[in-house]
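Got a structure for you, written out below as structure tokens; questions coming shortly.
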Amino acid sequence: MNPETREKLMGVSVATLCSALFKRGLKNQTIQDVRPVRGKGRNMVGPAFTLRYMPAREDRNPMSIFRNADHPQRVAVETCPEGHVLVMDSRKDARAASAGDILITRLMVRGGAGVVTDGGFRDAMRIAELDIPAYHSRPSSPTNLTLHEAIDINVPIGCGDVAVFPGDIMVGDDDSVIVIPAEIADEIADEAVEMTAYEDFVVERVKQGETIIGLYPATREENLALFSEWRKANGR
Amino acid sequence: MNPETREKLMGVSVATLCSALFKRGLKNQTIQDVRPVRGKGRNMVGPAFTLRYMPAREDRNPMSIFRNADHPQRVAVETCPEGHVLVMDSRKDARAASAGDILITRLMVRGGAGVVTDGGFRDAMRIAELDIPAYHSRPSSPTNLTLHEAIDINVPIGCGDVAVFPGDIMVGDDDSVIVIPAEIADEIADEAVEMTAYEDFVVERVKQGETIIGLYPATREENLALFSEWRKANGR
Amino acid sequence: MNPETREKLMGVSVATLCSALFKRGLKNQTIQDVRPVRGKGRNMVGPAFTLRYMPAREDRNPMSIFRNADHPQRVAVETCPEGHVLVMDSRKDARAASAGDILITRLMVRGGAGVVTDGGFRDAMRIAELDIPAYHSRPSSPTNLTLHEAIDINVPIGCGDVAVFPGDIMVGDDDSVIVIPAEIADEIADEAVEMTAYEDFVVERVKQGETIIGLYPATREENLALFSEWRKANGR
Amino acid sequence: MNPETREKLMGVSVATLCSALFKRGLKNQTIQDVRPVRGKGRNMVGPAFTLRYMPAREDRNPMSIFRNADHPQRVAVETCPEGHVLVMDSRKDARAASAGDILITRLMVRGGAGVVTDGGFRDAMRIAELDIPAYHSRPSSPTNLTLHEAIDINVPIGCGDVAVFPGDIMVGDDDSVIVIPAEIADEIADEAVEMTAYEDFVVERVKQGETIIGLYPATREENLALFSEWRKANGR
Amino acid sequence: MNPETREKLMGVSVATLCSALFKRGLKNQTIQDVRPVRGKGRNMVGPAFTLRYMPAREDRNPMSIFRNADHPQRVAVETCPEGHVLVMDSRKDARAASAGDILITRLMVRGGAGVVTDGGFRDAMRIAELDIPAYHSRPSSPTNLTLHEAIDINVPIGCGDVAVFPGDIMVGDDDSVIVIPAEIADEIADEAVEMTAYEDFVVERVKQGETIIGLYPATREENLALFSEWRKANGR
Amino acid sequence: MNPETREKLMGVSVATLCSALFKRGLKNQTIQDVRPVRGKGRNMVGPAFTLRYMPAREDRNPMSIFRNADHPQRVAVETCPEGHVLVMDSRKDARAASAGDILITRLMVRGGAGVVTDGGFRDAMRIAELDIPAYHSRPSSPTNLTLHEAIDINVPIGCGDVAVFPGDIMVGDDDSVIVIPAEIADEIADEAVEMTAYEDFVVERVKQGETIIGLYPATREENLALFSEWRKANGR
């Protein structure tokens, strides 16, 4: 992905991105009911590399299946490109894990930009300590084999009721994760940077006692003028 | 599929098949929370032909998309082999339809053995009148484009929290639908026919006032002898 | 139970009983999300005989466990007294069956007045044909061993979020099932018969075009007088 | 409402109306998880007259509250204009009733065109017998006072996750209920009649063995020509 | 509200208030499934000022709608009286936001005592930093326009399945939020202060090794005597 | 319980125990949707002492019921043996509390090893400060009497969809809680210690850049040799 776009997306919130996508008629891009294992105080940004789980059938999913070097879960972790976010479709089922700390450590070492599941992670208390952003629904200790079989790598998936296509740009902050269609990521990043500047200006003004009417959104001319000055003064 | 197996599976219940699979350690083969649009009084039997839906993104799913002759939903209906059951992974989301009466009429005319979704059908009141078994969660009038995008044909899917592989044998009765792994369908059919004979014998005895203790299951020797006679007398 | 009370409860609706209990501060006596397998057009009435299920652990619940003559599920069916209703606490989990047609046939032959679970029945299509009222959440084909272990007979239980004590009077109509504490069953039956007479009078009047204001409830004196006449005329 | 629009809407399905609204960007107009108490084989059509429930507080909702002639639930039933549909916002909570057979009988006698709740009705078995379409989530015997307090009449509400404004046109068939914004009801009715004609033509053709590709939707020219002939032949 | 009552309610827990209300038959006053965005270590106390959301219809809720100075969400924030708590009925739907950090900053600056929704807040990570108590179900980044339309200000609402009337006294601690009917707020505050004194005494005694039997509640006379001494010694 | 087993279980994670149990066919031992009130950074270990709640009936559950010294909730707290974990079956209903800080303080003083409910605790903010591990679903301020009646002590129960028999070994970490059948606790502890050693070795290697293929699980011979050396070097 465009390094400038990555840089821009590091500095905006998921809420702002939501609004930018909403304006284009994309109203369902925020992954529902997924949160950081631990807030990192910085954004996760990267293209999606996907893993699809299906329900596990007992005879196909003994513990020994992991001895197979071609097991899709392992392959996904070992082939997710540097700077990408591994996104898992766990059918919103957190009763068994999507992955644990060993795999996510490996992903981190390999340069993964983050990991997202609409299920849960095991060893969440250890994943919280790692230097890689991880998002899930809740901690879940049972091995994924209990309920999930990894079946496909890098196909279009659903995650938290949102469509994720390989290469879509994933952005996560300390609240949630959003999916930006690859083809509009650059323009959305631009717009979000603009919106963020204005929002920062608004927050400053509101803290000074200004009403939001006419300010947010800017329907009073003077506010646009003041914003213009503020940008210059603040180098935004 | 083996025509004799099909014949056998027409005469047994999903409950009996569940028990036969349970004995082999397969405890999660019944599709959850799915029911006949209307009871047909006869079984649905056939190999699975699958369709996978993912969440719909607004820009990819205008009404005009159906003008595309390659749309996977349409292709699935037009390529599902005769005697097969079309099984749809709708991520258990019945807020928009998986299909409607026109497509299911087409599937019926093409010789489809049935259709199953873990979402809902639109025009359910008309589908109920068709001579093809159809199973869903509940009626759902919104077009599938609202929430579902058909993305893959004949890949392994989840349906109602059950793993479905293309070619697995689907059996539905007036209660529910079960998935029999293809490789054991013949032996499961054989066993279920045997079990059904014994269950019919048991019901007859119970209606005559017999206790279930020692009879169901048969832990008293005499019951096995009586069953043996009953089979001869009833040609079972 | 008092045969006159039974008789009275055969002729009133669950809704009316709900209102009678509400007046006494008992607002949570209707079993939630449970319905007749098939409407019988007549009430189910009888004292509760209970069975408690707990979650099943795999090693304790192989199919062979039913060979044990002391298995609580079997014992419950064989010891439920004539005229009683077998009420099962299935923890509102219908993913596996609470019972099937053979056991319920046996219960019917033994004189059971009905059967209720907050889970589901397997072979529901056959249970629907039996001459015994049966209430559940939805059809469920997997054997109970999959998720439920019968653990206690005739202890206090929860069923559909309602407290059921052994001996409480169960009443079911074509809508739902209610639990009347044993100690007030007689007075509730009396009151419900009175309320039913008035409601029948009201429906007749409303069908003739009368407003409900002042009639339901009776805040206009004349309506009480008219009701009094109506009772005489109709032998109520 | 326009009598011709009413007539047109009597002859189209909710699914067709969904599609017509979808084309205008209105994708969330079908009331979710609501169904006919009993299918009537004919549509419900009429402008919405609304009733809003809020959670009940015990001290405000004794049984005696109904003695108040101004109780909003009673007033709603007595003031709902002839030909209108009474639509209730029960916050999707069917644990207590939204109304019972006496009130709905009164509504019927007063000329109400139907009644809809996203909760449940008590006495559902009797409401099923009435000559007025009624839609709910499931039967619910407890009096509404248990959980619901009627608080507002004819204000904008939510029903089954759909916005309903007083005067919006409600249409129900044997599957579900849809809300058509009042200002576009006439044009939607026109369009739906057109669409229905084409769908009927399509079903007829599909039953004769025609593929849906190029037919549904009509991307092959010849199908439009055939449809034109069919309309003449069938007086559509 | 009475400043002394406010002062008293600052020093008691929601759990204690629950018990005081339970004794008066008010058993459903705690807002369910709502928690602090971040615990403040001090109570939120103030009269309710309410905002009602209904489901959003797409044509009525473009982003430009906020340019309208009369938009109820904005008006609510700008008119909520000082010392009041803004309580939002978001129909328990956290899939889109109820509000974000700019509006809540404005509410804080205007002297709002807190904000509660049974949906979710966007920019929750920033709201956590503000010096105003905020309670929600979970972070939710999509703009409220996606699913919610603000429709009414200061009407009776439901919030988390609890009835909230304008002026009711809201109290939140680090666990949850409770609604005290305005007319009994003073007496409940008094009683809760008394109960809190006894509970503090009990905790101290229990930490010293005392059994709870006879102490909590106080059924042994001596405990009341000891409590009396303790109050004197501790100035309670 | 065996003190060595206790010691071993203090040093392993719930995730590792899950895998050890999975290998023995026990796939459903982790209590679902339950988490620490506050992470303690150390494990909870001890045999289960159980308390069963049923739904509360209003007339049986006034506040005064606690004056009864035999109330099962109080008795459970006063009789739970030292070193045991009090496990509560609250039917996964967190709308009312399972217990509060006073009882849990008493349990702590009496030497309880921890407390688990599949409902919620009131005064959770204070329980978080106590030196006893406590696990629940979410904070819940209403007194247990609102919805729960304590009915049985030390019987088999369900907790978070898991079977718990008195004496089963409970282990909780900062993620979740698992139930080990008493009869295999020693061998599971042994195996988990072994697995933990290997996992620690793996994490170390992965952090050094090693691939997981062939390492986790160990299918390459050399990794077993390296592990053997690592154990010696690290005294494991």
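Each chain gets a letter, A, B, C, D, E and F, in the order it is written, and its residues are counted from 1.
The definition used in the following text is that a residue touches a chain if its C-beta (ideal position, glycine included) is under 8 Å from a C-beta of that chain, and two chains touch if they have at least 3 such contacts.
Here the structure is a predicted model, which means the values were calculated and not measured.
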Which neighbours do chain D and chain F have in common? C, E
In contact with chain A as well as chain E, sorted by label, we have F
Looking at where chain A touches chain F, is over half of the residue numbers used by both copies, so same, or under half, so different? different
In terms of CA centroids, furthest away from chain E sits chain B
Just give me the whole-number Å value for how far the CA centre of chain B lies from that of chain F. 39
Rounded Å distance, chain D centre to chain E centre (Cα mean): 37
When the centre of a chain is set as the mean of its C-alpha atoms, what distance in Å lies between chain E and chain F? 31
Any chance you could list the residues of chain F touching two or more other chains? 27-28
What's the complete list of touching chain pairs for this entry? A-B, A-E, A-F, B-C, B-D, C-D, C-F, D-E, E-F
Which of the residues in chain F end up touching chain E in this complex? 63, 66-67, 69, 74, 77-78, 95, 97, 100-103, 105-106, 109, 122-125, 138-143, 145-146
What part of chain A is in contact with chain E in the complex they form? 13-15, 17-19, 22-23, 27-28, 30, 32-33, 35, 39, 173-176, 178, 199, 202-203, 206-207, 209, 211-214, 216-217, 219
Chain B - residues contacting chain A, complex: 24-29, 54-60, 91, 93, 149, 151-152, 155-158, 161-163, 181
